[in-house]
Structure formats: C-alpha cells, structure tokens
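First chain A sits with chain B, and in the next complex the same chain sits with chain C.
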Partner chain A sequence: MSTLLEVSGVTTSFKTANGFLPAIEDVSFTIKKGETLGIVGESGCGKSVTSLSIMQLLTANGKIERGSIRFNGRELVGLKDNEMRKVRGNDIAMIFQEPMTSLNPVHKIGRQIGESLRIHKGYGKAQARAKAIELLKLVGIPRAEEIVDEYPHRLSGGMRQRVMIAIAMACNPQLLIADEPTTALDVTIQAQILDLMRKLKAELDMSIMLITHDLGVVAEMCDRVVVMYAGKVVEQGNVKDIFRNPSHPYTVGLLSSIPRLEGRQERLSSIPGNVPSLELMPAGCRFASRCPHATQRCVTEEPSLLPVSGEHDARCWLMDEKGVAV
Partner chain B sequence: MIAYIIRRIGGSIIVLIGISIITFALAYLVPANPARAIVGPHASEALVLKVEQQLGLNEPLPVRYIHYMENLVHGNLGTSYVLDQPVTTLIGQRVGATAQLAVTAWIAELLIGIPIGIISALYDRKALDHVVSILALVGISLPVFFVGLELMYWVGFKLDWLPVGGTGGFNFVILPALTYGITGAAYYARLLKSSMIDVMNSDYIRTARAKGASPNRVIFRHALRNAIIPVLTYGGIDIASLFGGVVVIEDVFGYSGIGQLTVQAINNLDVPVIMGTVLFAALFVVLFNLLVDVLYGIIDPRITYS
Partner chain C sequence: MSQAMTPPSTKLTQTLAHPQGKVQSKFVRVLKAYPLVFVGGLMVLVLIFVAIFADKLAPFNPDYQFANGLAADGAPLAPNHTFIMGTDDLGRDVYSRLLYGARISLEVGVFASLISLFIGTSLGIISGYYGKWIDSLIMRITDIMLAFPFILFVVALVAVLKPSVDNIFLAIGVLGWASTARIVRAQVLAVKEFEYVQAARALGSRQWRILFRIVLPNIMAPVIVLTTLAIGNNMLLESTLSFLGIGVQPPTPSWGSMLAEGQQVFEYAPWLLYYPGLALLFSVLGFNLLGDGLRELFNPRRVR
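On to the complex of A and B.
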C-alpha cells in the first residue's frame, strides 16, 4: 500500500497567557491508502490539534512551528491559504465531535451538503441539490427528498452526524478525518455511525484517520493506531500488536480501563492523575508522574520512540531495558 | 404565521390603547392648565373658564377620554389648541419628511456600523480593530449637535455640496441622516462585533472552512446572517424611534419633522398634538416590533410562531 499522508516532526504551538507553548511536539505518523488509522489518548493530549494542523484549521492563536505534512507526496505546510482551500473538503474532509452545533442553523441541509461541490467541482444549484439527495441516501437518511429542504434543527444528533458525513463524502475525498465522531451520541447510534463509516470506506476507497477516546472503537475500526500522551506520540503500531502487546505503560493503563460491562461507555479516566498542562510540561518522560514503573532516569531524561517489534514503537525506557535494539 | 400576525396585531391594539390612556392622563394631570397656557398668564379667570368650556376641559377626565377615543376611531385626532389645525393635518404634513429622514438615517447607521462591526470582529485586538474601535468611540461620544454643526459647516457651507438646512427633497436629508449615522453607528458596530466573534468561533464556521470555503464565503454566507440576528431587535427599536422624530437633529438642521412638532406641542401644552405625536410614535414602535419578530422567523428557521 502506498502512503497517502505523511506527518513528520510536526510541532504546533499556541499563544497563551504564559507565552507560545507547544500543544503537540514532534508528531510523526503515516496513513496508507485505504487504511484506517486510530488516534487515541485522553482529553487534552493533542488529538484535535493534530487533525486541525493537517487541515490547517487552527485558531488564529495557533501555528505549525516545525515539521512537514505531505499528502500524496505534496507538502501542505506553508501552502498558501487559497491552495490549501482546494485540499480542504475536496481531498481531505473532516467531521467533528459535535453534530448538534456543526451545521449552520440558517442554511438548508441540501445547501450545506452541496456547498463543497459548488466550491470544488463547479456544480450548479440544481446539480448540487440532486447530488445532495444522492448523498443523503448514501448515508442512510430516510426521506432524502424531504430532508434535503429541511433545516438542521429538525434532525436528531445521529441524523446530523450522518449529514456531516454526507458533507464530508460529497467530493469523494481520499482522506476522512473523523474527530471523535460518535462521542456525543447514544451507544446504539454510535454503532450505526461506525458501521456507516466502515461501509463508506469500503465503497469509496478512502483512508480514515479516526480520533477516539475509546479503544473498543479502535479495535473494531482501525488497522493501525497511534497513542498520544501530552502532545507526543507515545506508542504506535498495528492494532493487533498494540492490543496483544501494549508496551507503553500509558497504553497498558488505557487498555485496562476499557469498560468491560456490555454497552457501558466511559471516558478513559481510570489511570490516576492528570495530563500535565502545557505550562508545566515535565523535562523527562511526560507520563512519569503517573507511571507505576517510573525510575530516576524517567524523570530527568525523555525517551525517544523505541522499537518494540517490526512497525511497533513505544516512547518508554522500558523498551531500552528489555534489550530490544535501540 | 398569518394567525400569529393577526394575534400580534390584536395585542398591539391593546398596547396602543394602554399608551393612549397613560398619555392622556399624564397630559391632563400636569399641574399646568392648557386653557391658561393658551390665553396667557395675564388673562382674566373668566376667559380661562370660557376657553376651558370651548375645549371641553370642564368635563371629567374619563368622559373626555371617551370622547377622544370616539373621535380617534373616526380618524379624528382633534384640533391643535395652538396652531388651530387638525392634528392629522399637522402630522400628515410632516410624515413624509420624517419617514425620509428616518429611513435614510437608519441606512446611514447600518452602512457605517455593519462594516465596522465586521472588521473589528475579524481583526479583533489587532491594529485595524483598534483604529476602527477608536473611531467608533469618537463617533458615539461626540454630541449630536456638534457633529451636525460640523457637517453643516464643512459640507454645507465650506464645500457647498449640500443645503445647510431646511426641509425639501432628498438633498436636505443627507446631512441630518449622516449626523445620525455617525453618532448612532457605533452601537450597531459593537453589537455586531460581539455576535460576529461568537459566530466565527462556532463549530459550523469550522465546518464551512473545512469544506474549503473562502474567507468571503465564510463571512458573508455563513457568519453574517447568524451574527445579525441579535442586532435585529435593536435595529427595530432604533428605526421606530426615528419615526417618532429626531428632536436634536431636526432642531440643528431646521428640519420640520415630527420631532419638532412634538417639542412645540409639549412647550405649549398642546394636548391634542402631544397625544397625536405620541400615538404616532407608539404605532411605529409596535409596527416595527412586529416586523422584527416576523423577520426573525425568516432569518432564523429555528424560530416558529405558535
């Protein structure tokens, strides 16, 4: 499989009251064509900042400071806004966590779905509307001919997320970035939306970058996974390898906090302690204050991503001690 | 929607009747006597009584109010004590000038205020925002008569582009309207700025940008319509009050509109004219309130009339 997206060494910082601080640091990963990559980590670990960096939709106080983001070999960092706009919604589409607020309340559904077609593909009004109906059917919305002329407030959260997916699918993107697309939805609706994404991925031959809190979702949906902690990639590898042999103590913690009870959904929170804030980032391993295996070395020296096996890496000194090649 | 409008009109009539009662009571309960005001301080008591009788002022207040309302239903607002002309004629003479000034002044406010609001929202806390905000602050702080006189002096007198004052065609409206625009726009700018900032940070604007929409598209097709919603209420009240007359500006420019008529009537205790102008102004407040509510429903599909 060839590489679709190659993120390497990306550091994105925000201007805060305490100065310009990196929210993600030296983040690298790749997404292959047709692959679903999961990005997991607790709240505040930099998952959204990573995806917004790829889309270059950071708020005005944020900036990609270093690194490269290549899409089909083409460098996106430093692209002029009018060039980047041709990528957004066309080659790379994105859906968000909040279906209730992500649609414009004063525009009809059809117009919102057709908009990217009008922007990127030069569709006329009628043409865009017809395609919008088609897309509504594609994402499994009943009575598509009526819904196309409805306003978003008439739809439930699950339906709105389907509409968001229809918007994302409009231009047949090569990459779909889904930032916690089901977190705000009921469990049953969550499953439906995930099914839909899987179906569309197969039908439309795209890659997905799926951000989630939920390792259960990763197991179900993803080929590979990147675990982020405090703005850094701490472990990455094939889903199988990660689940069978979680190597970073943080990943181990996440895995042990997957709710066992059928249907019970919880945020990953059973690892004691909190993600350090941007202002108080420790010098050594960022997980040291919460890690049961922390040593003196962990507090002073930050580990780099060390190989576990094949394409499986973990940012932990334990990998060093295990004697696996450094 | 139609049912809603009919219901609202019914409600509006009740409001207007309430206003008429209050104005009537206030106008006649002031310690000054309109008859005395007409005949002057040195006239004899007998003359005052005679005038009172002529005007029907000797009857009890509720009876007078009933009379007034009977006439009102027939489109008769009474006759001015002082100018000796029907109140409807007096208002009718000025309504065109007032409407012209009101609408132009309102548009001037919007034309100045809305771009300033958008710019200062988009450049929030950047240099351009500061420049524009300071200008807006200056505009809001300058007294109306000062701005009026400056415009009059520079544009009317020095450059001789427009008439210095008076009432006539559209040329006479521009300077007073501009005065109102300059002094009133800042409020619109401020309202729009804050709602625009909220909207620009909203999720659906992020969605629009994620589609590859250009900044212009994002601002004008996605943001503005949402951001204008909170500004609408003020806009309605504002233009309604403009229809009630713009006293200071009419005064500065010698513009004979409803405002001038109202002030004269109050000075002379000319109760029928006071009643007429107050009801006229109230009618527009009620009317524009209704219009704004209907507009809300058109702009914001989430609002339903029930």
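On to the complex of A and C.
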C-alpha cells in the first residue's frame, strides 16, 4: 500500500493573550491508500486541530508553525488558498460531528449535494441534481427523488449524516476526514452510519481518517490508531497491537474506562485529573501528573516516541526499560 | 419503505389532520395563523395600487387651481359632490392631491429603505464576517450615526443637496443604514459559527460564495422585517421633512406639505388636516402590521 497522506512534525499554534501557544506539537503519522486511521483522545487533545490543519481551515488566530503535510507526495503546507480550495472537497472531504447544524437550513438537499460538483467539476444544474439523486441512493436514503427537493429540517439526525456523507462523496475524494461522525447519533444509527462508511470505503477505494473518542468505534472501523494526549501523539500502531498491548499508561487508562458487559460490575475506572492547559504545559511528560507509574525522570524530561514492537510506538520512558508491565 | 406505500400513507395523514376530509391549502393555514400579515399586506397593496394608478384614479389635475374651488370669501370648500375631500386654500382638489401624494410617500419610503438596506447589509456582513479592525471601524461609525439626532442630520444633508424627491430619499437612505448594519452584523456573528459554514469551506467554496449563498440567505428574515418597518418610518420622515418645508417642494403634492399648508387654515378648514393625516396613518400602520406579522411568521420559536 502506498502512502496517501504523510503528516510529519506538524506544530499548530493559536494566538492567545499569552502569545502563540501550540495546540498540537510535532504530530506525525501517515495514512496509506485504502486504510482507516483512527485518531483517539479526550476533548481538547488536538484531534480536531489536526484535521483542520490538514484541511487548512484553521481560524484566523491559528497557524501551522512547523512541519509538512504531504498528500500524494504534494506539500499542502504553504499552498496558496486558491490551490488549497481545489483540494478541499475534491481530494479531501470532511464530515462533521453535528449533522443537525452541518446542513444549511435554507437550501434544498439536492443543491447542497450538488454544490461541490458545481465548484470542482463544473456541473450544470440538472446534471448536479441527477448526480445528487444517485449519491442519495448510494448512501441508502429511501425515496431519493423526493428527498432531493426537501429542506434539511425534514430529515432526522441519521438521515442528515447520510446526506453529509453524500456531500462528502460527491467528488469521489481519496481521503475522508470524519470528525466524530457518530457522536451526536443514537447507538443503532451509529452502527448504520459506520456500516455505510465501511461499505463506501470499499466501493470507492478511499482512505478514512476517523476522529473519535469512542474506542468501540475504533475497534470496529480502524486499521491503525493514533492516540493523542495534550497535543502530542502518545502512542500509535495497529489496532490489534494497541488493544492487546496498550503501552502508554494513558492508552491503558482509556481502555480500562470502557464499561464492560461481561464479568462482575465494578466501579468504572477513570483517569484522575485533567489535561494540563496550554499555558501550563509541564516540561517533562505531559501525562506525568496523572500517571500511576510516573518517576522523577518523567517530570523533568520528555520522552520521544519509542518503539514497542514493529510499527507500534509509545511516548513513554517505560519503553526504555523494556519489559515493564504497565 | 417502498415507493408504492407512499401515496396512501400521505393521504392517511391528511385525512387524520382534517377529519372532514377538507384539505386546507398552505395559504389558508398561514392566513389563519398570521392574520396580521394579511391585514397589513392588504393595506400596503391598496397603497401601492393607488400610487401606481394615481393618474387614472384622480378626478382632476392635482396642481390645477379651480376658479370655482374657493368660496366667495376666499375660504377653501368643504367636501362636496365635485370635490369629495374639499379643496385647499388655493382651490386645488384635495382628493387628487392625496392620491398623487401617495406616489411621493411610497417612492421616498421604498427607495430610502432599499438604499439603507443595501448599505447596512453590506457593511454589516463585512463587519460580522471579517471582524478584527474593520469590524471595530464600521461599528464605531455606526455608533456615531446612531448618536446623531437623525432628523437634524437628514435636514442638513438635504439642505446641502437642495430639496427634491430624489435628494430626500438619497439623504434618508444614505444616513439610515446604522440599525440595519448592527442587526445584520449580529446575525452574521451567529450564523458564521454554524458548522454548515465550516462545511462549505471544507468543500472548497470561495469566500464570496460563502458570504452570498450561505450566510446571506440565512440572515434575510430579520432584514426583511426591518426593511418593511423602515419603509413606514421613512414615509413618516418624508412627511416630516415636507412639513418642515425642506422636503418635496410645491406645487408637487406631498402629504407632509399638505399638512403644512392646511395647518395655517385648519380652524375653518379642518379637512385639510384630516385626510393627509389619515392617509399617513393608514400607510404607516399598514407597513408596521405587515412588518410585525412577518416577524411572527419568521419567528422559529413560534409553534406552527
């Protein structure tokens, strides 16, 4: 499999009252063609900033300070806006968390699906509408010929997320960035949407970057996982490796805070404490203050990504003293 | 659901909603829920009709001074068979002047409001969408505009431009955009945070496409309401200016100048105040009812 997206050493900062502060630091990962990469972490760990950096949709007070983002070998960082616009929606498409507010309430469904076709492919009105109906059928919306002329408020959350996916699929992108696509949906609908994404990925031969905090979704969907904490990648590797042999204490904490159905009901374990704020990033390991295994070294010195096995890395000093069971 | 299922199920819901089997049209439903829109709308339509067909409806030339239009002592004639609203102190037919006056009022009201709408919406969108220093600049100018006594401002500008119908609506329009700009800015600030704006950017839409096709349609409802109300206000303002003598110049008939002329003789010819006053009341009330009704209609919180 060849590499589709290569993110290396990306640092994105935001302007605050205390100067520029990095929201993500030195983030590197790759997505291969046809692969689904999960990006996991709690709120505020930089998952969304990572995806917005790739799309270069950061707000005016944010900027990519260092690093490179290569898509099919082409550097995206520093690309002029009108060049970047041709990439957005065409090569890389995005779906968002809130299907209720992601659709424009004043335009018909068909027009919104046709929008990117008209922008990127120069489709005419009738042509775009016909393609919109086709796309609605592709994402499994019944009565596509009628729905195409409806306004978004007539649709349920699950239906709207299907429409969002149809919009994203319109130009046949090579990469779909899904930012918590199922968080706002109820469980049965979640399963349907995930099934749909899996089906489309196979049919259209695209890669997916799935941002989520739901490890259940990761286990179900992803080939590889990147775990982020406080703006840094703390562990990455194949799904199986991560689930069978979680090596960073944070990943271990995340996995043990999933409620389980089998076995005796115990109090759900949680990770004590909070993510350090941008202003007060510790010098050493960012997880040290919450880590049950923290040593003096963890507080003063920050570990780099250290190999666990094969393509499995973790940013933890425990890896240095191999064999320590976490 | 298969497609074959759809027609009967639609019919079923309709039958359930209307047990008598009478299916109300959307028009009738809106009419019942928002009667104000229709009362106001009807009044406005009457006004527009009168303004357009003033030359067909008026029995006489509005500027003609009838030899038989004054009493022997030179006093205006009370309403009678020939002059159904009487004559003024120059022997002109009040009814004809009133109909022609509708043209001036409506022209000034509509054009002034459209100019304000255009300027206010443009500035409001720029201010709200781009933010930063341009936002501060525009909003401070808006504050200044709102701090000035509006009528004095308009009077000064009209005096510089020389009073005429065109200059009046120009002056009112060019000076009256401040509240529109503020409301538009507030709306834009709210709308631009919605994910569909972000989604449009993620699709590769250009800046102008986002502004005009995504943001603008979503802020139109309050702007339409505001503009409707502004038309009524601006008609009133035109009358004020004409009443003060710096509006429409004689002999062109305007409700404001008719009131000004009638004021001097109202003790023995009160109809010279009644009719233009009532016409003004009717027009402004019409636009205000329509505006309020539209506000209700567009209010998303109201249960339909």
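Here are some notes:
Basically, the second predicted complex is superposed on the first by the 313 of 326 C-alpha atoms of A that agree within 3 Å, B and C clash if a C-alpha of one lies under 4 Å from a C-alpha of the other, contacts with A are read in each partner's own complex, and residues count from 1 in each chain.
What we mean here is this: a residue touches a chain if its C-beta (ideal position, glycine included) is under 8 Å from a C-beta of that chain, and two chains touch if they have at least 3 such contacts.
Predicted model only: the values in this text are computed from it and were never measured.
With chain A as the common reference, chain B cannot sit beside chain C without a clash. Looking at the shared chain after the overlay, A:L103 reaches both chain B and chain C.
Of the two partner chains placed by the overlay, only chain B lies in contact with A:Y151; chain C stays clear of it. In the overlay built on the shared chain, the residue A:T16 is in contact with neither chain B nor chain C.
In the superposition on chain A, contact is made by A:A93 with both chain B and chain C. In the superposition on chain A, A:S304 makes contact with neither chain B nor chain C. Using the contact criterion defined above for the overlaid structures, shared-chain residue A:T188 touches neither chain B nor chain C, since it reaches no partner.
In the superposition on chain A, A:R143 makes contact with chain C only, while chain B stays out of contact range.
On chain A, the surface touched by chain B in one complex and the surface touched by chain C in the other have residues 55, 57, 85-90, 93-94, 96, 98, 101-107, 115-116, 119-120, 164, 167 in common. Within the complex formed with chain A, the chain C residues making contact are 1, 3, 6, 131-132, 194-196, 198-206, 209, 213-214, 217-218. Interface residues of chain A facing chain C in the complex, by the touch rule stated above, are 55, 57, 60, 85-90, 93-94, 96-98, 101-107, 115-116, 119-120, 142-143, 146, 164, 167.
For chain B in complex with chain A, the touching residues are 201-204, 206-215, 217, 222, 225-226, 299-302.
Across the interface of their complex, chain B is touched by residues 55, 57, 59, 81-82, 85-90, 93-94, 96, 98, 101-107, 112, 115-116, 119-120, 151, 153, 164, 167 of chain A.
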